[in-house]
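In the part that follows, the structures are each spelled out as structure tokens.
Okay, so chain A shows up in both of these, paired with chain B first and chain C after.
Our next item is the complex of A and B:
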């Protein structure tokens, strides 16, 4: 049978990748292109007509100070959260692979927050910040706790970061656990015999060998933090005074609540580009640092 | 083997977490695409009457042989309908806010001018000369009070009309504080309450609201020296001073404040008769009601509540529905107004203040009864329905800053002015 003809190759492609390609086009490529088209219209989200307005939406996006503020805020939030999530996750992963008693139980325990959806999580923590901590602070007369953190600008951001770390650290821990386990015992033992302390073993042996875990975790946390919406909605709803509105929430508000669909879509595109550039750049740099034993 | 099980468990856990993320949207009921045959779909946006509405739909379906389905969504009304229209899957009857009737009516709503109920109401909404919006209820804003709590301290009957001016009102608050009620006022910090309900009254109490709004758009209005603005903000300052959550006003939770009001721990809170749906869940005092916002004003605005028709039904005009479905929808609206069972549903089951003169409404809750009394006496200041869509959020944010003491009145006025002058006027 001639396997080098065009028709054979097409058939083979369709057989193995046809369905997935179709689904990928239907749910990713087509909506993306359609969304791109909508950024050139002044559609309000409801009308039957979609008047073409050229670059006007991009002009108003660049003029929308609130959007850039939200984006800057998201960047600050992301940087702090990404660092904290990964530091906490790495430490947890180290602890639950170091052979403590009941480590499987701890692994499951740390992972549980990730199983609670962001919306529910937000409401739970809202209760903690608004009532539980305040009640505690009042009865122990601790000044910093007696008013709700959610009522102040920096406090609300701080709360968002705490909740994100709590939510994602367990998930990232799993990836780091896999990383730790993939480091072969031979090299660890060799390092020990050569007189490495525990700390030196981690820094010089384990970490370089599990760079791919770092790349994965950083990519996941960066993209998730940039796109944060559910926790933002249920925990702060942008309050106080719209000072905790993240980029995704601003996009949603512009498109749907303020009925300016075109501008919202244009802002979403910019958010996507920022997110993609940061993500790809990080993976590219990370891949270069990978080594093999 | 053990590891294999562990990895299986973890894989399952991750799959569950994905599912949990997907399942957190606020819709109840499946999509409305079951609108086949003669089913009438109704979109309800008043969460507090959803249970009653579903029950009614069952009853109505059985009695009239017309299948009625009720859907609810906690999304923003416009956003939800936008997605429905984008999917070409509209509801037969949609309940929306007045501004949505104006913005959607021309394109999506059926002309109802020839319907029976039109002659029984002053509150129907017309777009381009055609009646398009069916008023579901009247709602009004004002100061809610708990008379039982006040009388327990003052020892005399509480007559709201004695406290029309801010001076008289402040004297009463001082008396309450002296009598042991540490802080007699609650303030809802939600942006919609601050901007779309309280601050909104500043537009509505102007001699000519439309002209005032136009001058705000044009940037020629001088808010800081506006009489109504200063009167309303003077009152707001007093409310802030006596606020039970004055330490941390933007952390006050609505449910907590409503509970305090219901149980008489505080005596006053600005709100509307819809707040009864929360208050009734606690143990409300017997004598509650609503009064106009006290103001040192001489133009009579401190004599009236602000409100009117607040939720509207419109019938979809697209080709998604057959003539029978449209007729069924029209019959349903007429049934609400003309049939005793329909009236009972509105006023008793849902506790709504009816917008129709022929409907008897003696069984209302105390707040709604106040609203009805003011409405019957012609003491309602009309709603202004043409705010830009981002008004409540932007002005609400500025007002939260004022509430939290982060800006002064001049700074607040300047922020509101700059919001309006940088906004595209809403055509209407």
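Our next item is the complex of A and C:
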């Protein structure tokens, strides 16, 4: 059988990858390109025609103060969350690899929040912030706890950050655990013999050898935080006074609540570009810092 | 007078105890919200409102919250929907992406390179960029929203890139080409070689991809909420969200609903814990 003919190749390709190509194009490629087209139309989601409006959607995006506020808020939220998630995750990973009893149990336990969807997590924490902490504050008469943090503008942001840290720290911990395990014992022992304290071994030996873990975790947390939606919806719903509407929720509202699909899509694209630039830049800088033992 | 060795041993002991204490404190912080849900689910509404931190309410235990919440959120129907969507999406993703990765790895054709390149590039696109055109295309143009099959189709479409990428790596490193050549000499064609030789060798990757994708499908909210607007099609996350919107003041019911929404995956975790932790780690590190 001749396996070098065009018809053989086409048949083989279609047999193995035909369905994949079709579904992938139908769900990802076509909508992406169609989305670019949508940004030049003013579609309301109902009418059959999609009037061409040129750059008007981009103009209204740039004029939409709420969008830029939401984007700035998302940036602040992301920076704080990303730092805290990674600090907590790194400490957890250090603790569960230091040879204490039951470390597998702890690993499994810290990972539990990742098993559950953001919607459910948000409602659980809403109960914690609105009821449990308030009850605790009242019974101990601690002023800062006796009203719900979710009711104040800065408090709601703070709550979102707490929940994100709690949600992602366990997942990132697993990646850092893998990083800690990849550092060979020989190097650690050599450092100890040369007189390094535990702290020095971590800072000067483990951390530089784990740069790829940091790059990985930072990329994952940055992209997830920038696109936060589920927890935002169930925990704060953008309240109070729209002070906790993150960029993704703003995009959703513009498109599906105010039926301005063109502007919504333009805003989604801008959000995507910002997120991609930050993520890729971080990976680029991180790769340069990688060393090998 | 203690010797230097004794002092070092004592310091190490103190450090170990401190680590355990810190771990336990952190652990309590991590599971505190879940514990709170569990203790409040057995209380009547008045007891939860008066003291959510008490272990047992003044009115004693009650099991009424569960059946009530189950009825009101139509738990078994949403459970069946979620299960059906998760299982079919996972199976299709596994089969299709393994086949695609195989043809891409073993052939240097232009079409393979183009498809793989597009898939890798598409992995950076967040769902929010695609959701509006998706609703516009599938809702407005084709009118196929509100079918489980449509959601499965989209789930598969979104997860194919990552899965193909992972199988690509696995076939490259774990499947010796000599084995395939032997199968060819024995008379297998490509299709048979793949299913009889290559696919069984991919078991570890199949497990990883299945765990990561199944968890993502089960917990996904945004895409299902856009595709499934009919009550009888709700998945568990949508049902929870709708339930909360309606009964948010009936806090005992809410607790039961939240616990019900978590239980299936927590039960699974108890049995498959090792595989899930390993799968997620190896999936992320790739």
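The rule is simple: the second predicted complex is superposed on the first by the 267 of 293 C-alpha atoms of A that agree within 3 Å, B and C clash if a C-alpha of one lies under 4 Å from a C-alpha of the other, contacts with A are read in each partner's own complex, and residues count from 1 in each chain.
By our rule, contacts are C-beta pairs under 8 Å (C-beta built on N, C-alpha and C of every residue); 3 or more make two chains touch, one makes a residue touch a chain.
Note that the structure is predicted; figures quoted are calculated from it, not measured.
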Fit or clash between chain C and chain B when superposed on chain A: clash
Partner chain in contact with A:147 - chain B first, chain C second, else both or neither: first
First (chain B), second (chain C), both or neither touched by A:253: first
Touched partner set for A:15, first chain B, second chain C, both or neither: second
Which superposed partner A:95 touches (first chain B, second chain C, both, neither): second
Touching partner for A:230 - first (chain B), second (chain C), both, neither: both
Which of chain B and chain C A:79 touches, first, second, both or neither: neither
Most chain A residues touched (candidates chain B, chain C): C
Touched partner set for A:277, first chain B, second chain C, both or neither: neither
First, second, both or neither for A:240, with chain B first and chain C second: first
Overlap of chain C and chain B interfaces on chain A (superposed complexes): 45, 108, 111, 114-120, 171, 174, 230, 256, 261
Residues of chain A touching chain C in the complex: 9, 12-13, 15-17, 19-21, 23-24, 26-32, 34-35, 38, 43, 45, 92, 95-96, 98, 100-101, 106-120, 123-125, 127-128, 131-132, 135-136, 139, 166, 170-171, 174-175, 177-178, 198, 216, 220, 223, 226-227, 229-230, 233-234, 248, 251-252, 255-256, 261, 264-265, 268-269, 271-272, 275-276, 279-280
For the chain B and chain A complex, residues of the former touching the latter: 6, 9-10, 13, 16-17, 20-21, 23-24, 75-76, 78-79, 81-82, 85-86, 103-104, 107-108, 189, 191, 247-251, 253, 388-390, 393-394, 397-398, 400-401, 404, 406
Chain B contact footprint on chain A (complex, rising order): 44-48, 104, 108, 111, 114-120, 130, 134, 146-148, 150-151, 171, 174, 230, 238-243, 253, 256-261
Chain A-facing residues of chain C, complex: 15-16, 19-20, 22-23, 26-27, 29-34, 36-37, 40, 48-49, 51-53, 96-97, 99-100, 102-104, 107, 109, 111-112, 115, 118-119, 122, 124-137, 140, 153-154, 156-158, 160-161, 164, 190-191, 194, 215, 218-222, 226, 237, 240-241, 244, 251, 254-255, 258, 261-262, 265-266, 269, 273, 276-277, 280-281, 284-285
